[in-house]
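Each of the next two complexes has subunit A plus one more chain, namely subunit B in the first and subunit C in the second.
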Partner chain A sequence: MQLSTLFLGGRYDTMTSYFSIAFLVIFLPVCLILYSLLPQKLRKYFLLVASYGFFWLVSGKLVIYLLLTTLSIHYFGLWLDRIHRARNEAVKGVEKAERKEIKKRFLKQSRWVLAFAIVLHIGVLLTLKYSPFFTTNLNAVFTMLKLPLQLQVPSYLMPIGISFFTLQAVSYLIDVYRETIPADDNIFRLGLFMSFFPQIVEGPICRYDQTAQQLWEVKGIEYHNLSLGLQRVAFGLMKKLVIADRLNPLVKEVFANYADYEGGVIALASLCYTIQLYMDFSGTMDAVMGIGQIFGVSMPENFKRPFFSKTISEFWMRWHISLGAWFKDYIFYPVTMSKPMKKLTTAARKKLGNHFGPLLAGAVALFLVWLCNGLWHGAGWNYIFFGMYHFGFILLGNIAAPAVKWLHRKCHINPEWFGYRVFQIIRTGILVVIGEMFFRASTLQAGFAMLRQMVTNFRFATLNGDLLKQMGVDWKDMGIVLVTILIIFAISVWNEKGVIVREALAKKPVVVRWAVLYALILFIVIFGAYGAGYIPVDPIYANF
Partner chain B sequence: MEQLLEILEDIQPDVDYNTCEDLVDGHILDSLSIISLVAELEDEFDITIPAVEIIPANFNSAKAMWNMIERLQEEE
Partner chain C sequence: MKKAWKNILTTILFIGILIALLWILSVIFQPRNNTSAEGIQDEQANGILAEPENTIDAVILGDSETYCGYIPLELWRTYGITTYVCGTTQQKMYYTCDFLRKTFETQRPKVVFLETNAFFRDYGYAQIITNTLEDKLPIFRYHDRWKTIQTQDLIDDVEYTNIERDKGYHYYTKADPADTNGYMQENSGKISIPKKNLRYIREIQKYCEENDARLVLISTPSTKNWNYKKHNSVEELAKELGVEYIDLNLQSDQVAIDWNTDSRDKGDHLNYNGAMKVTDYVGKYLKETELFEDKRENPDYADWNTQLEAFDQYKAEQQEQ
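Up next, the complex of A and B:
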């Protein structure tokens, strides 16, 4: 790693990981020192410059996408605001009936502006991210129909985090349209909301009213925030270096050469991938939240111990929460609350009753949500299948709910009984692992082939030290991973019981707090998978 | 308020709507019940409930729902 590469915009793409040396040892400390030295009134501007600097270092000239997106939503927001103000003027002192008409007219106007803005922003995302996928599939259809036509498959350079900041931009516009927030006339505040460097790569997808003002009012670094923030970064680093990176060789090997392995080993690799994905993404979120806390900024949590979920539906309320909330607020409810869907619900309720009646409209909206969820993760059939897989289980859960209740009564099962809850958690875990296997598989066909192996050849006969070595790991690696998972599990159980471990720790004497931080760092230094022979896993969610 | 209580009873019986204050947070009304409820409320009270109003604070109790209905009627 050469320092000079830091000054060649866009070349320093290893910094997409908040755990890279370039970021943790150079970029972040320099930022923190400069931020502390600057007078209070300049700090927010410094954060904006640092955020654009970070983006430029990672994506080079593609920073123009972020800049244009910010400028665009700034002006569209002000345009919507002007329409709202004109409407308010127009309805002053007007009779109720006429008022309704005037409001309708202005609503139509603002709806057009919003639609135009959304088409523009989602259009850019679709073009950059999905046009190669759609063109390839279109060509396949042409070939199938024996048409003498082939389109050239386009290829674009994508700026980092575009899927995240586009959703953030669209949420800003919809919120202004809905008048839940005012349009921001301060381009710098809006710019900082869109670009804040700790969250630009992997989220969380923040709403304007959650972070914009906080970022604009940042204060000096406080000791309490610094110590808690650093602890959280270290905790994330442990998840990433000790678990995610250590499992990387095994996951890579088995998913690349699945035909060489028996079903039990494929199941183990799928479980390892699910753990790796969780540790990588939630570990990154720990770093994001920790860095945010150092600056005194609180962002919405993205994970809430997802592997304690009893159903798939609950799993998605605990995993990548900000994405789920985005889909719920901007797709699920607007679709179910649309006029045709409301009519459908009213009619269906009369015929099918209170449970199945609204399920029709709910299913249509859920389908769209999960199609978008799958596609959001990537342009590929395996991602679409991943979305439909979860849609199927969530829908099935809703359809079967009355029958399950009936079964509980008939068989005298108390759903709150500990043993039954454990059964539900394990069942949900297995379904999640299978879903993630398709998610990670190189193609949809590969995913099905792996599933077939798992079902027809579920054995561990070949699993021994030599096989582990072939997969790039050994028993020691597996032991370290297991112990670290047990530590994280114990902390999660406490958190699940309502004991917030970080807050409990914050109340301890300063010696204890720093001792814990040093112990954590020492643990990472001793057991982290770095150096020769280890290839760190690329930040998985940064590619979405 | 009587009409509202009747609708709620019809959608999800066996709940004391006069006292319960965590209908959404306590998972008594799920998203499907909310879909039904919104369609019924719009018909009954001649209002339009936009998606932006679908927040727990507006549906956690019968009183909160009633306040929302009155507010939307006023704004219409």
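Up next, the complex of A and C:
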């Protein structure tokens, strides 16, 4: 009998969510107990086995992708390391001019190795995730050109989290190539870095120097970490169960049948989707961070209160931070710092000045970043549009910066004035909601049709109890969602002021502390959208 | 070490208080009546909770095959025997076991029919844990009552008064012919029954023995869900348990299902026509047991006649439409 059948009744996907009963009540407690019982030196190996076990329970035999990726980067990493060592040997005692030549030769070698490794890993991702999209579009072009040629659209099973662990693998290789980290000769440590089960489904996309050594040096579970970690998991559970899952029927209905709804309702559904996406993803991240903390592992935060952003650019520095940072470090900077781009910047600076000159090369890099960002989220024109939409606003923000400053001066607007900041936050929020609408829309055409409805028919005339019922919710659902959002908003304001609520709470008397925790748990138990009548919503980002 | 013990005791105390709070909430959130408006799930099957004590002669447990295949009011009309169908969609064996336990709390059925389709339905331990949690702390099952709960609920006792007219049966007349190609072709193979289900079946048998009820395994005709391999497995199990097994899929001489007219959904479930044939067989079987007296003239069971009239009227209205 397969272990997955024993636990999950043969349904591999049952445990995809860190909030599933299978994970929270069976897998995690069993892991914690066994982990605690094991001697210190075996704990890291146990985490590795548990991580592969988790992956196998979710993706079955597709675990081979993770294994091969790990073996491959281990090999390529050591190869790069050998080239670096050979170079160091070769330049010893050599004249400066010759040293430069030798270095250049070795650099070329390591560049080839890196390029080959990246093509291999990104190639697998492209094949699995994007080949159906590219083939479909190619067939459409053939049809348009009236060519008697149609390619068969491939279909592949994808392992969970491939978009996340591939980026993690590539970042490891580039960091070794750049010599910011040494290649890891310990396959088990590298394996644990790649597979750590709390982060394998939805990230964060960690760098080797952020987590590998921490994971390899894990210690026993400490009461303080256990307590704070579980609190964070509970907070994530509240976001997911009370808000994200409760809004799901409304979002699903309106996005599926947008033609039946007036613009105001579509706008409301788009807002609800943005909230749902944030609560789902950041709630999952809370669970991931919380579980990490239980094991004493600190991972990079993926969210920093994005809805307090005053510009789109700032929004993306606060939303899915690890992905943004990955694109910045491995696409944006290498492109802008490349020789052709440097030349372009120098030339443009002469003609366009110091503000607009560097923007040209920056725009090229930014375009690539947002094209990749859109495609990373999915193979579809709506995702590409989503990327271009943000590229457009960020570029516009950069171009218009001097003009905006001038306007502030002329109109005597203090950009730090509270009212103006609120205006900026709301403006950014509206742009984000529209972007997310395209992101969620079934097709790009559907996204435009929804936008048209929003612009030409922005009314709430039909919005009443009956309409909400048709959308699978009622006023009470909306009311409890609003209350929970206000709670999260209050906590976010504290966080924004630098207060870490869990740690502040830990300093309070036990009666206050426990009262707050009981209130949180009972709030989730009562108001969570789970059980009969609710369909558990798959974690949204796990599909990307 | 002292700190570790302190932490353990603190954790136990925290969990203890949490369980107490959840228990208090469970009492508050427990539906006050067995209606869906009050928050009860599977209203029709749970109608048995409102039946007067010790008035049900036989119960039929299982998934949708039961509430499509057996008509308690027809058994009443012909034989004066009181039966109830505790059938729910996609019923899992742990839920079947729960229904029987609930039934025995207020009823003393002499025969328990256990439909066999659910024997082969697998599920994970996560589902069992969820169900157990919901049983022990009903707040997890009825938490959604926060929308309707009133202060009166803090005072009122739980009192089940909603008697279901059709006694768990779901009336449906439309026919959608079935493809009978390969249906019940003899085969010596077997399909294994999940071990979890075997455990529940044995538990059900134990309950029946403790309550002096005869357990009968029964397979309802279904071209989609039933086959010879399943038959073989259940037959073997019945022998092992020492209980009777009736496979109506192999009783075409006595239950002559016409698959062109007697199925509601291409052989998945029976419609009213098919259910009448199955019910007729079950009626004869129950009569032959000589365990039951005809209660049609018994004034204590007058409600059953009223409900039969209402059922007939409903059928007439449906046929007119």
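Worth a mention:
Here is the rule we go by: the second predicted complex is superposed on the first by the 527 of 544 C-alpha atoms of A that agree within 3 Å, B and C clash if a C-alpha of one lies under 4 Å from a C-alpha of the other, contacts with A are read in each partner's own complex, and residues count from 1 in each chain.
Note that in this section contacts are C-beta pairs under 8 Å (C-beta built on N, C-alpha and C of every residue); 3 or more make two chains touch, one makes a residue touch a chain.
Remember, it's a predicted structure, so these values are computed and weren't measured experimentally.
With both structures placed on the common chain, the touch criterion links A:Gly528 to subunit C but leaves subunit B unconnected. Touch criterion met: A:Tyr223 reaches subunit C, while subunit B stays clear of it. When both complexes are overlaid on chain A, the residue A:Gln152 reaches neither subunit B nor subunit C.
Contacts of A:Ser20 after superposition: subunit C is touched, whereas subunit B is not reached.
After overlaying the two complexes on the shared chain, residue contacts for A:Lys476 are found with subunit C alone; subunit B is out of touch.
In the superposition on chain A, contact is made by A:Tyr518 with subunit C only, not with subunit B. For subunit A in complex with subunit B, the touching residues are 96, 100, 178, 180, 329, 332-334, 336-337, 341-343, 345-346, 349, 354-355, 357-359, 361-362, 398. In the complex of the two chains, the subunit C residues touching subunit A come out as 3-4, 7, 14, 17-18, 21-22, 25, 29, 41, 122-127, 129-130, 134, 139-141, 143-144, 146-147. Across the complex, subunit A meets subunit C through its residues 5-11, 14, 20-22, 25-26, 223, 474, 476, 514, 517-518, 521-522, 525-528, 530-533. Chain contact summary for the complex, subunit B toward subunit A: residues 10-12, 31-33, 35-36, 38-40, 42-43, 49-52, 54, 76.
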